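Written below as structure tokens is the structure these notes are about.
First chain written, first letter: the chains are A, B, C and D, and each begins at residue 1.
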Amino acid sequence: MSDIKVGLIGYKFMGKAHTQAYRNTNFYFEPQAPYQLKVICGRNEKSVKSAAHTYGWESYETDWRSVIERDDIDLIDIGTPSNTHKDIAIAAAKAGKHVLTEKPMALSVSDAKEMLQAVTEAGVQHMVSFNYRRIPAIALAKRLLSEGRIGDVYHIRAHYLQDWLADPQSPFAWRLDKNVAGSGAHGDLNAHIVDLARYLVGEFAEVIGLSETFVKERPVDSDEGKRDVTVDDTTLFMARFDNGAVGSFEATRYATGRKNKKYIEINGSGGSIVFDFKSMNELQFFSNEDEEHIQGYKTILVTEPDAHDYMKAWWPPGHLIGYEHTFTHQANDLANAITREHPVYPNFEDGLRCQQVLEAVENSVKTRTWEIVEKSND
Amino acid sequence: MSDIKVGLIGYKFMGKAHTQAYRNTNFYFEPQAPYQLKVICGRNEKSVKSAAHTYGWESYETDWRSVIERDDIDLIDIGTPSNTHKDIAIAAAKAGKHVLTEKPMALSVSDAKEMLQAVTEAGVQHMVSFNYRRIPAIALAKRLLSEGRIGDVYHIRAHYLQDWLADPQSPFAWRLDKNVAGSGAHGDLNAHIVDLARYLVGEFAEVIGLSETFVKERPVDSDEGKRDVTVDDTTLFMARFDNGAVGSFEATRYATGRKNKKYIEINGSGGSIVFDFKSMNELQFFSNEDEEHIQGYKTILVTEPDAHDYMKAWWPPGHLIGYEHTFTHQANDLANAITREHPVYPNFEDGLRCQQVLEAVENSVKTRTWEIVEKSND
Amino acid sequence: MSDIKVGLIGYKFMGKAHTQAYRNTNFYFEPQAPYQLKVICGRNEKSVKSAAHTYGWESYETDWRSVIERDDIDLIDIGTPSNTHKDIAIAAAKAGKHVLTEKPMALSVSDAKEMLQAVTEAGVQHMVSFNYRRIPAIALAKRLLSEGRIGDVYHIRAHYLQDWLADPQSPFAWRLDKNVAGSGAHGDLNAHIVDLARYLVGEFAEVIGLSETFVKERPVDSDEGKRDVTVDDTTLFMARFDNGAVGSFEATRYATGRKNKKYIEINGSGGSIVFDFKSMNELQFFSNEDEEHIQGYKTILVTEPDAHDYMKAWWPPGHLIGYEHTFTHQANDLANAITREHPVYPNFEDGLRCQQVLEAVENSVKTRTWEIVEKSND
Amino acid sequence: MSDIKVGLIGYKFMGKAHTQAYRNTNFYFEPQAPYQLKVICGRNEKSVKSAAHTYGWESYETDWRSVIERDDIDLIDIGTPSNTHKDIAIAAAKAGKHVLTEKPMALSVSDAKEMLQAVTEAGVQHMVSFNYRRIPAIALAKRLLSEGRIGDVYHIRAHYLQDWLADPQSPFAWRLDKNVAGSGAHGDLNAHIVDLARYLVGEFAEVIGLSETFVKERPVDSDEGKRDVTVDDTTLFMARFDNGAVGSFEATRYATGRKNKKYIEINGSGGSIVFDFKSMNELQFFSNEDEEHIQGYKTILVTEPDAHDYMKAWWPPGHLIGYEHTFTHQANDLANAITREHPVYPNFEDGLRCQQVLEAVENSVKTRTWEIVEKSND
């Protein structure tokens, strides 16, 4: 089995996270077909050359089209800003490359549909980097739901809280410009919990949202002026699911003291599960099948090599793994899918569905009423 | 200073909780004018007579009108179901008695307005038993907000979760009949967190809600039939406040494993506070005034006699108090207000405002769009 | 069934705690033979008279001998300093009264033996107020051990941590004078966890301890001098139990920030339990009978009326009870024992055994080697 | 600046952990002189050859002497069983190589002294892999102590709890044979918390210990017989420190449900700190300099790039790192020390001191009395 030869577009935060994933997949999981770090791509030659050296890539390019044209590349990994995903993904698919893209998949539902069509027609593997699905505790949550231990789901409440804008004096940044970033907390943070809700609970039926920009203008570092903030600081929404469950979601960059709190609680007729990213190696589980005097929320340390997904590759029980290995597990699952030619999820259809939920929420903010979530791919 | 002579209408859950409050106010707080347990009232003579004996009331009555007619009563305490509050409160006010009523204050906004008018005209003390304001940790939260330690409030997220209906086979009960109970989780549970949100954050501007009845009919104990559930099993809503904050609220009886979880988190420009009733003697507090390397959520054990409201009456530091003393503290504050003739809160105006929020949510469930929260008393 | 007529010696911290226990036993548990608060006793007439009034005692006395001489008293409750326990208890027994005494039962093993002999010969009920046995979570711990869910016990680690002496400038107090207090942290705090260890794990075989007085002299409030501290600030010890388990114990008044932390963890071949007084309504439980992928420490909220001892008398599930009701439960169990004429524990034999453990630890501090724990009553 | 060329002896658990450390030091920290993975060594050629390939080493050897003889090696990293450390370390030092060894450094105090002498005479860098010092939360603990925020230390209580032997039926393993393993829980687990106690609190003065082997013989996998367990299952000890603090320590493999619990609490006159490896990215901190009404244990999320040691190399705030990066940080600190020619800790003197504490505890188990901890290097 030959290696999987990767071309990575983007070399910053996500470029670093994805690079370590390829290296560590080889190191810890020893896949049948290891990853080969062929080429990394960025527009600034000096920077990308340095990144290629530090991160261990064989070569670098400054134009993503050159990467796609190369014959020695099997997989295009897109870690660039959202507004570039569509063109790169479609070109890669047409060139017969497998495609992994960072989230959010696209700037719009219509773009996402075009991208899905392209990869489907090309018959290549396609995946969206909703990396939190690969936390072993989330994999365990999925398993408990599949085993019927939660029963019928009544509730999901999920929030993704950060605080880096809580200070009204912190300066303007490109992420606060709608033209560049597409959206604020909604696309950045709600995207993740929407994907997890679809994964764990099912499809969204209808939604209604609330968006707010608390600080309307912010100082610009380079001069003495101020600049308008054009994205949402926070977006909350309520939802109904096809299966009758109801949900409450919230994303914000103003939750002082919450550096990166991703919290999900699901209550069903048979039990409940709770996940908090602050304790990413743990899952809480309540079962009403326990005898009454010993019922309670159990904190499962999800580090058992023999019982928990992914953990055989790591350390003895009770030794924690960190954030970056959500990407490592994702890369390993993708490698297996490519090698064994079976599908991998979340794919571009999942990315589209997530986009449809986000867009319905945005619409509901404008119309001030509930919006049905579109689910056709046409 | 003469004693405060009490007539208590109702002798079940709330009757028991309020009785211990009067006894323990005298025992622990030694108020200037102690409470005198004059008369307890209930329709079933045998039961109320027994309650009078066990709880230590001097006498009993079976008609609330007889209690109000008595000259030896200063304070009428209404612990009966919601549909009786209005008549008793208005009659008591007209008779010149102070009035304490259980929540929710009334079945409708218009009833609440009539009640407020009656007590205002009579010039008596009036109070609604939103007892959670009297948790020392909530009193501390209020203090931290007043001290400016939270800064401008951006967010409140609050939920009140129970699970006693999570099993679809649990039988029908009177609380599930709209004609008797008025509403379900919304009036019972959201009422409390709405009052706390008003207390801690400020007035609601507009709301939009979602209600669901997961199990539409339930078995009746007495026969083999089933009966329709006519109240909400859960009600969630989002809110905007007059001061620009946004909020997310949820009440349910279907959160498996959450026996009585009342959770409130408030994030502001200067800090955050978190309260969870499961740890009712604690308050979490984050301040961004701390030096960066030692910032974090602090768990304050709110049991310091010299530093925390109410705690001088109790035990040494680190010794917990229980749920029932929310009522004890409330009774003590009421006694002080009566004795010193100063106002006490939450009063009937607070009760009305809470009702207006709840009713706006109910309307928004029907109209499927945002509803402005009425705030005039006319 | 006639009432149980109580004479209470002592009216301060423990007097208050025990008084509320008698009142609340009647109020919440409605025992067959309710308690009658006959007489409270203290040396300062003005203070004890005031206490009698506030707490609701029928009468007061200033000499404990007068209380014992009264014919209308069934139960003598000793809440005075330790050096008085022996004389009062023996006199009460000889007068045919039941006896409840605060802990530690006596100043020495030989005193404790005399006291045990007196109550045994008199055939009266005798009890030592190790009130923490009556926390519902501790009762549940005992049940889980009895049900075999923990298996063979390997380990107990227990500590009782306070911090009121952590500041070296805090003034001298009578509790720091060995002549008055008998001992420091050891007798005050270790006594409780030794009793719980005996209750949950079994009898101690041998011990070795370490005592330290960190601050050797402290300022005296009344003048500018200093006074020697003659008791232990902290005492730690290790133990072996008759059943092969090993244990680690620690009491201190110097654990800054630990206001009243009582922590007990027990590990056995089948499972583990953890109790922390900070969350006194909870018990943690781990069972290795759970399937491997869902093993974990479970937090049981011990508030179920139908499943947890004592809780039927209280509030709905999830409503916490406080510290003082450890005494209420104790009083109720004692009332039942008196009424039904069955034994009640911990009795004077338990008090003696606890004293024997404490004394062996004190000896080991002096000899610097392991000391066997005496267990004969002769 | 030329690379640091590494020869790694051992390729199993520690070989894997150390290899990733070298790779990730280069990847995340970009040191002046990066590590070069020259040669890995193991006795089984097939296995070590495979490891060399998976882990990315340039070459392999099957005799450690060959590694030491090579001219192209700067640093010898010893990850083999304890009984081999001495010979390899001394040979490496004599050959002028820097030496990093896994803990425990040696089988005896006298061996440790010889090793210290060898590296001192050779003038090479020497380090013992007490990797937990490199947890950012432990680095922060050290900083808070250095800043005087804890004041004078009164107490340390530390335990290291595992449970892999709690089942009496689990089979015999080489770690249970004293001839191979040297000791049981004591050398394996107490070694770590002794080092941390020295790092954070100071030098040990005297100790007394308790050791137990709960299950004296265990089934052998290969046949139907049983084999004697010759090491300790658990060792507890108490300690006095030179600075007057007292401590309590415990290591066990029988704490059912505790997979890898490493807990350290330090109480001082000014504050307290608590670390639990289960939440390795957090540190709890209590300060009595806070105003009284807001005092409490604070949970510091130790992930701030600008405020917490090591974290600039990682992810944005709130993104956790895992166990293996304790080794990465250690490798980076060692690289800096080698490059800049400054000392690095814990060095062989720290390893010796740790050994002296462990040996004093072992002696005290035999003599059943307190043992002074030797601190001379002669």
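Just so we're on the same page, a residue touches a chain if its C-beta (ideal position, glycine included) is under 8 Å from a C-beta of that chain, and two chains touch if they have at least 3 such contacts.
As the structure is a prediction and not an experimental result, all values here were calculated from the model.
Between chain B and chain D, the least number of touching-chain steps is 1.
By count of C-beta pairs in contact, A-B exceeds the other of the chain pairs B-C and A-B.
Centre to centre, using the average C-alpha position, chain A and chain C are separated by 54 Å.
If each chain is reduced to the centroid of its CA atoms, chain B and chain C end up 36 Å from each other. Separation between the centroids of chain A and chain B, computed from CA atoms only, is 41 Å. For chain D, the set of residues that touch two or more other chains comprises 258, 295-297, 301.
Residues of chain D that touch chain B in their complex: 140, 143-144, 149, 285, 287, 290, 292-301, 304, 306-308.
Remark: chain D residues 13, 17, 20, 23-24, 26-27, 30, 54-56, 162, 164, 258-261, 277-280, 301, 303, 315-325 touch chain A in the complex. Chain A contributes residues 154-155, 157, 159, 161, 163, 166-168, 208, 210, 212, 214, 234, 236-238, 240, 244, 246, 248, 250, 252, 254-258, 265, 267-272, 286, 288, 295-297, 368-370 to its touches with chain B in the complex.
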